[in-house]
Amino acid sequence: MTPRIREILSWYGADNPGTLTNLARLLGHGKLGGTGKLVILPVDQGFEHGPGRSFAPNPPAYDPRYHFQLALDAGCNAYAAPLGFLEAGAREFAGDLPLILKASNHDVLMDEKDPDQALTATVHDALRLGCVGIGFTIYPGSANRLKMYEMVRAQAEEAKKHGLVVIVWAYPRGSQLSKEGETAIDVCGYAAQIACQLGAHIAKVKVPTAHLEQPEAKKVYEERQVPIGTIAERIAHVVQCAFDGRRIVIFSGGAEASEDALLEEVRGIQAGGGFGSIIGRNSFQRPHDEAVSLLGRIIDIYQGN
Amino acid sequence: MTPRIREILSWYGADNPGTLTNLARLLGHGKLGGTGKLVILPVDQGFEHGPGRSFAPNPPAYDPRYHFQLALDAGCNAYAAPLGFLEAGAREFAGDLPLILKASNHDVLMDEKDPDQALTATVHDALRLGCVGIGFTIYPGSANRLKMYEMVRAQAEEAKKHGLVVIVWAYPRGSQLSKEGETAIDVCGYAAQIACQLGAHIAKVKVPTAHLEQPEAKKVYEERQVPIGTIAERIAHVVQCAFDGRRIVIFSGGAEASEDALLEEVRGIQAGGGFGSIIGRNSFQRPHDEAVSLLGRIIDIYQGN
Amino acid sequence: MTPRIREILSWYGADNPGTLTNLARLLGHGKLGGTGKLVILPVDQGFEHGPGRSFAPNPPAYDPRYHFQLALDAGCNAYAAPLGFLEAGAREFAGDLPLILKASNHDVLMDEKDPDQALTATVHDALRLGCVGIGFTIYPGSANRLKMYEMVRAQAEEAKKHGLVVIVWAYPRGSQLSKEGETAIDVCGYAAQIACQLGAHIAKVKVPTAHLEQPEAKKVYEERQVPIGTIAERIAHVVQCAFDGRRIVIFSGGAEASEDALLEEVRGIQAGGGFGSIIGRNSFQRPHDEAVSLLGRIIDIYQGN
Amino acid sequence: MTPRIREILSWYGADNPGTLTNLARLLGHGKLGGTGKLVILPVDQGFEHGPGRSFAPNPPAYDPRYHFQLALDAGCNAYAAPLGFLEAGAREFAGDLPLILKASNHDVLMDEKDPDQALTATVHDALRLGCVGIGFTIYPGSANRLKMYEMVRAQAEEAKKHGLVVIVWAYPRGSQLSKEGETAIDVCGYAAQIACQLGAHIAKVKVPTAHLEQPEAKKVYEERQVPIGTIAERIAHVVQCAFDGRRIVIFSGGAEASEDALLEEVRGIQAGGGFGSIIGRNSFQRPHDEAVSLLGRIIDIYQGN
Amino acid sequence: MTPRIREILSWYGADNPGTLTNLARLLGHGKLGGTGKLVILPVDQGFEHGPGRSFAPNPPAYDPRYHFQLALDAGCNAYAAPLGFLEAGAREFAGDLPLILKASNHDVLMDEKDPDQALTATVHDALRLGCVGIGFTIYPGSANRLKMYEMVRAQAEEAKKHGLVVIVWAYPRGSQLSKEGETAIDVCGYAAQIACQLGAHIAKVKVPTAHLEQPEAKKVYEERQVPIGTIAERIAHVVQCAFDGRRIVIFSGGAEASEDALLEEVRGIQAGGGFGSIIGRNSFQRPHDEAVSLLGRIIDIYQGN
């Protein structure tokens, strides 16, 4: 246990030792183990976007075992996936790496302005599969958001009782948000705050832009001259919104991007004090060795190299 | 236990020995026993389409015992039906063949653009009736789909605890899907993926066409030149979408068709690596002996003859 | 126990001895006891249509005890009513005749195109009141039907566990059905099938007309030349739709009618192999002695006289 | 125990001795104790209409203890109020008079065409506060009525298990009822019937007018020449609709009225065989002594003086 | 225990000693301990308005520990916040000051005419975090209000069983209320009444204006000449609406205001017999020492200085 991990655990004073143990496992695994930084491989796109769109670019990725192995080979902290994908490899890879059960999902066979999530697995599933944590998506901004917050509440209560880590994917979407508002700095910071207030141990948000969406917020950001000009400044602001840095907040890698653009973003996350990345499509949609290499370069950045 | 069955069971590493035992029973019964292929007789059309439309073409089929006997005579792996039909024969045929309780249903006395399913039986019913498995229909694409996914989740958790096999009928339908989109290859593959991600042991989908429905998917299928020209190619793709062949995926026989057309389709399923067929109207709507004969020819194909 | 009752009980092989005992009580009581035919007195019209419309034509019928006595005097197999009516006489008439708790209700103070039913009592109430069975109305065709099916499912599971008989009143209604479609032969047969598939021991439907409502069904009925010209033929078809005669299906008497018209209908039910009648308004809206006399003539017909 | 009370208890043969005991307490308390008549003080208007509208006319009534004392001073059978009002005096007045917990409420900060009620307390609360009974409002006619019936069903089952009396306030309202239809004789009678069929021990309705609202009912009332010309005749009809007088039905006092008009109405209730009055605004909105005096005159009428 | 606290506790005769103990803790803590007056620091604005708008004016306030310390330094009676904020400091500040878990929340990423609240924590959470009470927001006037009342009912029942104090934030909002109607004296008084009738131990409302919103109420206020001209009169009226002063009612500080305006309002609350203030934005949005000083001056007023 490094001093940094001990420090991070100290922020979670309301949690039982079981949850701290699982959080320590997550923070202690892989190449970033002990640094307090995280790179997680998440693969829920088969459900969320469809298998063809997700895996045709790199067909070995249709096999659920591929992702366990990729996360291991790249030295990620953990692998996160829906019930089916985890069930299909959990015995074979038992004990090899921390697993996170992505326990809510949505698909795009219908495109709603105010999307919702289905609860697709529970704490019981996470425990029987040997996971360290359980994750849920919320869509702040959706007319269905209160229902999703209540789903997180109920599941998080169970998770904490049973010593699991709770991760909340906070993706602003909804009929009153503009497309660019979904990644606006005020909205991303708000989403991180909501996840933390709901009791998440780890919040996951998108890398924000400098756009300010809500007039009431815009007024305050401008009056107070909150620095949001660079990626690093915006990351620092989101970290501030996540209880002034006392909750772990990590950032999604987004759609497939050039390696340079992605690494630039990661450098911004590192510079702004972000806790790491959750890199899905940019890893499993590349050939295995390229993905391992790219994840290695990302990990290097988080190691301060 | 043949090596192939042992191999198939190995894919279900997250399941308890109870579920593996029932899966082995299902795969071990009938003329295809031990091959890893399945032909199942499903009779829920009395509920789903109405008794007159379903059984008037072959009136003995009004009697629920008829279907148990037909499945036995034809050497099917199992018989699947709603609560009432199973209750009406389960004692008489106890131990004769594996049964699957079709535990959700819908009727066509109202025609909705975004259909839903009612939960019409539970795991408790499946256990008291001696079933090896329990099945549910989902309509990916429907505005009600998330509710159906949650129904499957809740029931599947119970089923797995109690050692039952979970079968999901994944039929894309909904207000944003075109009629031909319901059997589009991208949509069928997506439906199979969703069923598997929800934790189904067996997914059932329709035989797909070469149509591509969703623009975002179409783009990827075309760029990556995913082969979807022949039935066999499309079946292979759906199998790939079902965890790269590590989940059993079977195909429905559809509305009454000529024997040649049906057998041609079955040859495609076999060539593409599909795990079998679930043949309802094309069996019970024919006279008994014709049906046995037709199912025999289908079974022959799956035996590699 | 007559051979016929033993035969009928043999159809319910999935039920426990408790339910068979109650079914035997129902079939063994009254003038038709042992014949396998049933005449039941149902009085839920106070709730469903209002007390004035229901009881003003025969004011003694406002008293809940009146109906217990009428059913006894007429030699009916059973008396069926909502919670309040049964509570008001169950102690006084305890042990005198089989009771059925009508546990769902609807009123006409609002007239909806897609009606629903409220659960107004439970299996616990049926047991504490000494009932042999519990009944529910479903409206196949209504946008709310799936919810009603789920209510029946939940209550029927409880009822069967506790040894009660389950009766389902299946009345097609809904925004996509025409008025005459509600009693169309294809629709009535479909409703009987749904009730049986939901696990009802006894289905109750209206006497159907020769109208064919649904185009897809009409096509099959015409192609297959299903005989539906006479009442007897239509009854025989509905019996066929109720698991080829292996579930008890009884027919409602409908609104007040002339004695001749009603008896003609009953002769048709008997000729078609129906299991009996459930006669509400045509009995309790007549003076007591006339009602006893009319029910006597109906019973005569079912006795084959 | 007077013979009349013994007679009334005999109507409730399905209830346990606990409920009969509480019903006897209610009927045995106050100046009307033993007569079988009831005058109850209900004070839920603070919730239902707002405190200013309700209590400003007589400011001492803002204090929840005022109403306990008023009911005592006037010799009422019981005091009925929502959770908060009862909690605020139940210890101080423990054992002084029978209490009824009004366990559902609605407010008028929104005015809906199809109103609903919130469940605001439960049987557990009634028991811990020492109540003899628990009450609920239903709005027959509202699109939300089935939901309210189900609320009553669930709570009444609990109440009866625990020996409480169930009172249902049946107030017809809804988008298909005209304003005058809400107090029409056919509709009031129907509302009383619904309350009784739901298993209420006591139904409370408004004093009806001679208006006939529903065409189907109007036809029958006219054909059968049901006498509804005088208050007494209409009361007698409502009593008939409440299981021919075998359920207690009481009448609300309505909005503030002149003493003469109110007493005239009470004389009609008495003449028609009604079981009593529930007088809220006409008592607590008058100064204490005037209210006691008025209630005394009402009680006098029910004593047959 | 001062006589005043003993008097206040005497109003809560329906509560168990556990709840009285926690209420005594709340009333006994801080500079106002023993006076019967309360100044509470509430910080749910990070969730309700967003972190930027809330904390950018005083960036140390992003840290959840800041508010525990501020409440301590200022001598407040208690600190109230959502789950996440309390979890982030409850161990560090265990035993230092009374905590209130704000267990329902809403955000402004969607702006609804009829807002609702999500249940975001439960009594179980309040107990494991060492809180003395639990709080909920209701929006009387919203089409969703009945659902919120039911949430409060269910949670309050649990809270009272477990010895917690229940605080209800009653904020009138909804599609039929005008903007100025939200703080109208009739509406504020009504909101306080609803909170108390729902069983709240403490109601929190906004400082009302002299506007009268509802025509039926306006009529009565004017006829009865209810004094509402000054802040003190309006406060006195709200106190009257809260069971004539037998329930604790406190007032929110509102949006950031000048110190003079705020103190003027507090003097009015004190003069009108209000029980205190709940001051969020006007405390944590000021620099720490200014906030302590301002809260000190507020406390002085409540001490009668």
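We just call them A, B, C, D and E in the order they show up, numbering each chain from 1.
In this text, contacts are C-beta pairs under 8 Å (C-beta built on N, C-alpha and C of every residue); 3 or more make two chains touch, one makes a residue touch a chain.
Here the structure is a predicted model, which means the values were calculated and not measured.
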Would you mind reporting the rotation angle for the C-alpha fit of chain B onto chain D, rounded to the nearest 5 degrees? 145
Rounded Å distance, chain A centre to chain E centre (Cα mean): 35
Just how far, in Å, is the C-alpha centre of chain E from the one of chain C? 57
So which stretches of chain C touch two or more other chains? none
Please list every chain around the ring, with chain B first and chain C second. B, C, D, E, A
In the complex, the residues of chain D that touch chain E are 46-47, 49-53, 55-57, 59, 62-65, 82-92, 105-112, 116-122, 124-125, 128-129
For the chain D and chain C complex, residues of the former touching the latter: 11-15, 140-143, 145-147, 149-150, 153, 157, 172, 174-177, 186-187, 189-194, 196-200, 214, 216-217, 220-221, 224, 226, 237, 240-241, 243-244, 246-247
